[in-house]
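So that you can tell them apart, the chains are marked A, B, C, D, E and F in the order they are listed, and the count of residues begins at 1 in each.
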């Protein structure tokens, strides 16, 4: 069996160098996709028959919600890999994923709230999906808080990995139970239309935005991970060399 | 040496019960909180019997949950501070049984009294009659769930310098399904629906929690003790 | 030597703030409790905006009170355990000023954040618009009252072996008037009545509490330290 | 595909929903830019810290070396 | 005598649960003197020291400070004493320097507290939160108060707990300096003190008799 | 050599915050031996003991018990050790007897625990809640475990804290008895041990250099 790739993947040095090469291109791609999607969605996509222009919030709302959720599973997977294979890099990825996920969850809730006002006449409703998302935000906050609360790096890694994993077991349970709860209570004032089959002219920019958010997510994750790598590998020779070379570069400029 | 795994269970159960017996003031605090908080409701919200009747089941469940959460934070704190937790971690026995013993003691001190006293609160908050049985049944199962889940959070935060209440952030999401089905059981009972259905789900959750939580707690205690 | 009485005030204020800054997780816990407990309400009681709007003000006040009560229990506990309280008691300075400093720090860490975050909870619980201003105003004054009254209870229970929650029994009766006028202020605001009247009473209570509570706390600390 | 608005004014107004749409856009941009800029700044800060540490260590080695 | 006595105790008695824990007919502490309180575990040393600091009140007897009852000259007396007990009043979340700044009675220059920490061997540790320090290092932080205080009377309850040999020597020098400059020290410890001119006082509480009966 | 080594440490290294706190190239503990770990405050004695008890895991190196890595024979090893640290694991609300019944590893007859308490001078105190005991008496309750345990290896971290002179002697006799009956003791203390045949091992963690630099 050829496991070389696996170990290489686990090497912070390899990750750092590879991302140094790829990140500029990926960032460019993310930027292009996001810019195209936004302009298309905000200016060119046709107006929604019922909601008017407020529906354009969908181009931020849906990608953010989507990645917030995906990000949680990614974080938990990284934590699990760290616990099982004791791979340092994967803890770093986990640590990086938490603030990004929390920010995106907040974004989903915020854009949802400002969408809710014109649509439902209220910034907030206790809808099943929204409630679950709020709980997801709490789960993210929990992981973040645990990471900062521990003074010991190792304990912090392990504790937040376990919490992330416990959270993944819980997310489906939470979604199911909240959904069930909502059908029990179904308030009369609000009716959630089931997703209407969207017109392709509206859907295409959404697709572009989702792709753009994906790329952006990867870029942000890499950037956060790189900082973490530097912080934790500060004593290694390669970081020393890195500093040395950058210092030389600065001196060379002078 | 404790060669038999069940020994750890009884030893810790007995010790924790004895300790709470010695300081009843502390042990009774979840109960006091539960009763006191519920008496605030008519003062703060509304004294109107009809309105109270509507929210009674929810209020009781919310306060039962909060009372459990607040007390579970200290589950391992005392043992951590005086060094007994370290002794437990370096003892040859399997960690799961002592942990289960401690959680059981916690439920006996917290969840059980809450369950027993809840009809009284139901009376004070004008809970409709059909709600009493589902309420006590759901509280009995639900608080056990809450103790187990809360203990996971307590284990995660035990080695933090008094990080006790970070706990709320960690366990509250885990508690959400429990309160949903707990409150629903009572609501079903009041509405004359088949309240055994949500109760059964609570039971299933409890079974899963009994199987999984002690394992999780044991490994978390081992993992985070490095500091 | 600390010759000037105000020195003790600032010294203790600064130290307690610094300590909570060092463990933000712990310091933020009343706030976390407040927010988390409030999100439980729709799950446990009802998600219906109209019903929530009716109970919103009361719910927010009840949870603000509970959050304050739970955190005030630890006000002197740390100092008692590590011996600083004994050092304070045998220091030549007047006890009132350090005590007032500690209570002020507690309000800044607990009551103020609760007040600031309450509008968000108002939004989530569909508090009618006319309620926001009275709510923040009454919470600002009311939580200060609660901190002061709670500190008396904390001083009474500090020397008990972890008697932390006996506290609830002691302070809850003291808290009743505060929550009555606090919740009334918001209700008056929503109903379009002159909500400044109950607010003024809250203010008067606060003034009395500032004048009397530190004295009471100081003498209670001296009396109960013999053990 | 055509541009849906007659003028910039209409684009900003969004048929009365301008406040909602544009606040969503602005907050989205803030979050995106924040998530990119923050690690970049941190990266610089950490590099500087490490460089300082290395310099201090070098200095210490030099002084102890001379001492011997 | 030439030396006036700083503290005199007369017929002091302290009871707990109907057992006499401390009973002390006559005890003087003079200026320039180190008084070592001795006695087996549970004989009442800590209780005696706490009585002297007014942390607890005796059921009977009086304590005189410079001839006046300490109840009368409370402020002067309390301004003149320094007590370090079993619990060291060190806040674990604060750094050593912050702890000192806090514990010292007077406004403190940062330089002074750094110097005190340095002479107790904590030079590199002043900005580290105290929970990261070892048992002895935490104790040293508490003891650094000795170097910063201007109190005349030191009450030290087992100050050498967790302190290494060099540290014990250092503290002994400290005490000698203090008494030679007109102070007095009352110290309870089970170890032999290696200082000139130490007077011993043995306590044996009635409560201990229970153990041997 | 005749005596097989019970514990051997090889190239053990433990880091905290990128500072090596313990580094121990080679250390053996033999049957019938009292090993005293020495070093100034903060040199890593407690950390070394906690490494030996598996309370914390080293970043590098192995600890062998009777020739096997302690990870392999975890159960046997942990059944054979007894650790008493800075924190004594005494529950203050329980009585001395209850504490012992609880802490002892085996089912304990009440008579046995009373005997143990008695030989530690706590005869009259077995039914008093521990918060009413003096510092040294509380410590004695914890140390009574030594008399009740059948562990071969004792790890004692500053066992003499707050203990009076008679108590120290008693403990020293205890240790001697234990090693002469085939056990071994690893003890960290700043005092001189008055026992026959004690071997010394000095630790000096890298972390201490910080203080002197």
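Convention: a residue touches a chain if its C-beta (ideal position, glycine included) is under 8 Å from a C-beta of that chain, and two chains touch if they have at least 3 such contacts.
From a predicted model like this one, the values you see are computed outputs, not experimental measurements.
In this assembly, the chain whose C-alpha centre lies farthest from subunit C is F. Chains B-C form the pair with the most C-beta pairs in contact.
At the interface between subunit B and subunit C, over half of the residue numbers involved are used by both copies, so each side presents largely the same positions. Put simply, the C-alpha centre of subunit C and that of subunit D have 38 angstrom between them. Look at where the CA atoms of subunit B average out and do the same for subunit E: the two points lie 45 Å apart. For subunit F, residues that reach two or more other chains under the stated contact definition are 16, 86, 92-93, 213. In subunit A, the positions touching at least two other chains are 138, 145, 149, 151-152, 178, 181, 234. In subunit B, 23, 78, 160-161, 163, 166, 169, 172, 176, 180, 225-226 are the positions where the chain touches two or more neighbouring chains simultaneously. Note for the complex: subunit F touches subunit B at residues 50, 53-57, 74-79, 81, 83, 85-94, 98, 102-103, 105-106, 129, 150.
Subunit A meets subunit C in the complex at residues 122-126, 131, 134, 138, 145, 148-149, 178, 181-182, 185, 187, 189. Across the interface of their complex, subunit A is touched by residues 152, 156-157, 159-160, 163, 166, 169-170, 172-174, 176-177, 180-181, 184, 187, 216, 219-220, 223-227 of subunit B. Contact residues of subunit A toward subunit B in the complex are 135, 138-139, 141-142, 145-146, 149-152, 154-155, 158-159, 162-163, 166-167, 170, 173-174, 177-178, 180-181, 184. Of all residues in subunit C, those touching subunit B in their complex are 23, 25-26, 29-30, 32-33, 36-37, 39-41, 43-46, 51, 54-55, 58-59, 61-62, 65-66, 70, 78, 160-166, 168-169, 172, 175-176, 179-180, 182-183.
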